[in-house]
Amino acid sequence: MLTEYAFWFLSFVAIFSALAMIFSKNPVYSVLSLILTFFAIAGHYFLLNAQFLAAVHIIVYAGAIMVLFLYVIMMLNLNRLEEDKKSTWMKFLSVAAGGLLLFVLLAVVKRTDEITITAQAANSDCGLVENLGKVLYNDYLLPFELASILFLGAMVGAVYLSKKELA
Amino acid sequence: MEKLVSLIPVFPLVGFLYIIFLGKGLSKNTIGAIGSGAIFLAFITSILVFTTQLHGANPTIVKVIDWITTPKFDIDISFIVDPLSTIYLLFITGVGFLIHVYSIGYMHEDEGFNRFIAYLNLFVFFMLILVLGDSYAMMFVGWEGVGVCSFMLIGFWYKDMANNDAAKKAFIINRIGDLGLILGMCMIFFHTGTLRYDDLFISESAASGLHGWDLHLAAIFLFIGAMGKSAQIPLHTWLPDAMAGPTPVSALIHAATMVTAGIYMVARSSAIFSASDVASDVVMWAGILTAILGATIALTQNDIKKVLAYSTVSQLGLMFTALGMGAYSIAVFHVITHAFFKALLFLGSGSVIHAMGGEQDIRRMGGLKSHLPITHITFLIGTIAISGIPPLAGFFSKDQIIAVAFEENMIMFVLASVVSALTAFYMFRLYFLTFRGSFRGTHEQEHHLHESPKVMTIPLIVLAVLSIFGGFMGFPHAVGHAMHVPHWLDHFLENTVEMEVLDMSVGTESILMILATVIALISMYIAYTKYMKNGELALEDDEITSSTHQTLASKYYIDELYEKIIRRPVDAIAQFARNVVEPKIIDELVKQVSLIPSGLGSVAKAAQNGKLVMYVLAMIAGLIILLSTLI
Amino acid sequence: MELLPNVTMNHYLLVSVILFVIGVAGILFRRNAIIMFMCVELMLNAVNITLVAFSKVWGQSDAQVFVFFIMVVAAAEVAVGLAILMMLYRNMHTTSTDVLDKLKW
Amino acid sequence: MKELVITSLLGIGVLAFDILKLRKFILPLIVVGLLAVVGASIVDWGMNENLFGKNMIIMDNYALGFTSILCLLTLAWILTSTDYFTNEISRTDLYALVLFALCGGYVMCSYTNLVMLFIGIEILSIPMYVLAASNKRDMLSNEAGFKYFFLGALASSILLFGIALVYGATGSFQLDAIKNVLATAGSGTIMTAGILMIFTGFAFKVGIAPFHMWTPDVYQGAPTVITGLMSTMVKGAAFAAFFRLYYLGFTPTLEFTASIFAVLAGLSLIVANVMATIQVNAKRLLAYSSISHAGFMLAAVMTADSMNPRMLMYYVLVYGIASLTSFNVLYHVSKFQNGAEGFDAFKGLVKRNPVMAGAMTLSLLSMAGIPPLAGFMAKYFVISHILERGYTWLVIIMVLTSAVAVYYYLRIIVSMLTPIENAGRIVSTDSNRIGLLVLSIAMVAMFFLAAFV
């Protein structure tokens, strides 16, 4: 019963702070709201028996990625953003697009009854670190290695873009 | 023997490659010898292949290589040997050879000589592919190839912007035609599952899979292709402009061979066309209208090559009229005789232009008879032949078109006779103004007048002989039957194309022949009185207009214009077709059509406004639409 | 398909879709590059929730491993994205995407 | 597998050589390395190597064929534009980025698992974002880089949502497992929604209307040399992945999705060709032309169940060669005229650099699909398969838009033929000249080699 309340609470927090993120005028608040969303999502992971993932999620997102955002905002000194200029019909189009997307996606995903599990009974241990490790270092060894190429590429690229021209 | 056919296109291709890649250090004569030698070898081989078809039609498919194999559909490179293709082979390589030889003399001083001979070889190669291919797909390859060659040769003197424009125009208008051909091919393929003549017409008649409006549409699309290549209304406008190319090009491509590709295609598809009365009527009417338009415009042109160009348009129109009436073999007959005398006339005009130092305006010529004896005689023969005076080649073929018209459709008969009369008139006008009377050019030009070298006159003589005797291959049926002279060509083509059997008594046919001759002679006499008796005055004389006015029945809306044309000969080149039909109607139409994309473009432009949010919106909208198909 | 007492797969998909759409709406509403960028991160996390929920449904670790890879990619994207953003700021002195309309039509 | 290892080591090697001040050896190293990759693919041919037996990637003939094609296109690209990289020291870094991107391309044509697909796409895309923005002081390049990056990230997240839904419906990321589920249980709403969202992500990557709008902007803004790479290697890899997805995995859904593909292919053809006719900038024009080719290739994907993948390879190679050539010539032409990219920049090119003018003419005509150039056969293969499917209307759109395309390609050709006064020669390096000649010959030769496809 407690978990059920936890689900509703975390969902509410996640959605509310996500909304706060997009509506806040101050980008620092936006970042903080997003971090709050991420914490709520981590809570969901915890509820879903993905404890290790929840920890990694907090470390990577809240600890690294969002700090990077915050760092950039501080460095550019963007305390307040200039007002966005938007025409009315553009606003209308945005609302319409968002609303319609929500509508069609909800219409689609409500059909979970179609998912028929034939394989095995739910294995609640799948989120444990040893199971994850086995899968990652056995089946997913190749993508794991390839991630290093991805990072190397991103790193070279980021350095290339950031370094001063030697002109 | 039939296997030799695969060698025929190889000769010009090798010639082309050799001249382009290895021809740099060679002398012009060597290049000329290689170029014309290649065509000559092709000609000899063609004769050998032709002999296999002489005794009874015996269509053979010679497979060279498997080319593309896709499920349900494969194309090989293979050639068809049958009477229709071999007879085309003969005159393409034969006339082509003569024109190559002639070009050696004509282009000798040009710095682009090597390039010119190489292009001519390439052209012959593609033309051979066009007629030899055993399917519409192969024909299309040749079709596009000759188009490209024509484009390169019209713009041969590319330093002059006008030539480039003419080349571009020819290319673009031809693309419109090609579109028709592609659509036609698609329809045929869609309904029959094959593009090979063998399956369509010969061994099993897959063409019968087409019927009703599918058939009509397919035939009309094919005909649109033919319209582009063979310069029929309203796609005819490129041909006169194409005269910007060197004269041998006009002779080879724009009179004797490439422009007759449309006729070839319709004759090849005779089974389709004869099954579709709608398409046949379209062909017939487009043909006769083109014939009249071409002939009337030719009356007023003062550029020697333009007269011949409009005359070509007009003659092609007559051929299509014959096709439309179902007389496929007679159209092919006219193609052949026309190739002889029109090549002769063009080469003769080239010889005149050569002698005049590049002058093309017949008002500044005259009296060339004594200076250019061989050119004069051969040109006269060509003129008589095209005018339809017996017993020269043009008489037989044109008379048979008129005879068919008499049987089939009286309107066509009258119109074709009028075209025939106009032809005789403008051709003799051309002849008199050029060769008779006294010289009207500058002294310097007069001083330089000279007969062309042998390398140019010999082809003229050969073509003149062909123009005289070429007509006997198709001696009129009834009269011929009475005189025991067979209509050789009809027998030859019997099993290849659909036949129109003329059921005509000897008397009717003789009367028609005499009538045609009389019409031609009267026209000739009118031209004579107008341009010889009254001498130079004829050029600007108003009075004679009225008599010409009488001759051309007032049915034609073009008459009024004709008045103006005679009154203002200086502006003669800027004429009806060029002033009204072309810029106002056709160009305007093209312009209007081109507005469609720019109209659509401005809508798309509004979305593509550079704003990121707009692009995101487009993506999300796309996603929403995709997903909404699920609800 | 109950994942928690009285909480089914549907509920998780609902949360995920709402977060995903909030991300899209944020991109459409805001002109600031940094905020728009954060919205993309939010969308990625919406996907992650779905994956983890499905992982529980199917009792497999694969989807959770995939979430790791998504985090890896997100980190790499952030590194490059912020580098591009900094460069943009150096040249244009703003983080508003409204100025980015030199390329059009 | 060797291919991946060689190329990634090559990328690292380039970085190392750069640090060790051995810059002049970088180019030979890359050439040798890439040739080794082609050699390795030939050695591996037919072996269906499946690394560790885990079904992450399988180096089947499909993968090896595309690997060699991508590798050869990249090699040709590097050899024809060496001057771009040697002019400025810092640009040698870009070589490493290209090689890393190439690794992503290999993964994209050999994956058998949706996780690998996603990682492959990202390995390819992230260096491309940087390359698009690589002209750091040029505002347009910045703008292009940002738009490409941002929309790319958005498309990735949509793609991911799709993958998540497909996983939810099938419980596996493996293509064969998904195919089994689809074949036995059919596709429900969630499954189809996932497939459509994956499709959206792909449609973005390859530039299919209405997800194409970044294409002209990014192609125009990115440095021309980079655009050349984007329209050849990147587009080729994206289509390889796209086709593979429907060839190995989603085949049973084609019945349902084919009509969507057809509509979007038709839309792309119309939008791209209409927009191309109103362009004044040659680079942007070529970008629109690439969208119209994407329409053709999408039509090829539509017939993934009946079409021989070699035909798609042929299309990718033929279009890659033509577009590589045209962007390369454009790069040199605009480089010598202060970055001018209008049609006027091409004036008198016949005289100023005949090799470039010839190669450009051939490439444009090949893209227009005029025989005897390879582009004709490429389009022909697609059209013949579409006809078989009964999408006559799509074929009509293809033919009509091709006719329109001739119009705008001819504008460039005519411009090249127009003489101008006192124009200097456009100089090019030896490797560029040889490269363009080889590419030109390939464009004609491949027309006749179509028999072996």
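Every chain is named by a letter (A, B, C and D) in the order it is written, and numbering of its residues begins at 1.
Methods note: contacts are C-beta pairs under 8 Å (C-beta built on N, C-alpha and C of every residue); 3 or more make two chains touch, one makes a residue touch a chain.
Quantities reported herein were computed from a predicted structural model and do not represent experimental measurements.
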Of all chains shown, smallest offset between own Cα centre and global Cα centre goes to D
Expressed in whole Å, how far the mean CA point of chain B lies from that of chain C is 66
Report, in whole Å, the distance between the mean C-alpha point of chain A and the mean C-alpha point of chain B.
71
Would you kindly tell me how far, in whole Å, the mean C-alpha position of chain D lies from that of chain A?
31
If you average the Cα atoms of chain B and of chain D to get two centres, how far apart are those centres in Å?
44
Please list all residues of chain D that touch 2 or more other chains.
115, 119, 122, 126, 129-130, 133, 136-137, 147, 150, 154, 158, 165, 168, 171, 189, 193, 216-217, 275, 278
Flagged in chain B as touching 2+ other chains are 605, 608, 610, 612-613, 616-617, 620-621, 623, 627, 630
Would you pick out the residues of chain A that each touch at least 2 other chains?
93-94, 97, 101, 105, 108-109, 112, 115, 117, 119, 139-140, 143, 147, 150, 153-154, 157-158, 161
Edges wherever two chains touch, nodes for the chains themselves; is that graph a line, a ring, a star, complete, or other here?
complete
Touching residues (chain side chain B, partner chain A) in the complex
613, 617, 620-621, 623-624, 627-628, 630-631
Residue numbers of chain C touching chain B in their complex, please.
24, 27-28, 31, 36, 97-98, 100-105
Counting only contacts in the complex, chain A reaches chain C at residues 1, 3-4, 7, 11, 14-15, 18-19, 21-22, 27, 30-31, 34, 37-38, 41, 44-45, 47-50, 53, 56-57, 60-61, 64-65, 68-69, 72-73, 75-76, 78, 81-82, 84-86, 91, 93-95, 97-98, 101-102, 105-106, 109-110, 112, 115, 117, 119-124, 126-127, 131-132, 134-136, 139-140, 143, 147, 150-151, 153-155, 157-158, 161-162
Contacting residues of chain C [partner chain D, same complex]:
9, 20, 23, 27, 33, 36-37, 40, 43-44, 46-47, 50-51, 54, 57-58, 60, 62-63, 65-66, 69-70, 73, 76-77, 80-81, 83-85, 87-88, 91-92, 97, 100, 102-105
How about chain D: which of its residues touch chain B in the complex?
147, 150-151, 154-155, 158, 189, 192-193, 196-197, 199-200, 203-204, 210-211, 213-214, 216-217, 260, 270-271, 273-275, 277-278, 306, 370-372, 377, 380-381, 384-385, 387-388, 392, 395-396, 399-400, 403-404, 406-407, 410, 414, 417-419, 450-451, 453
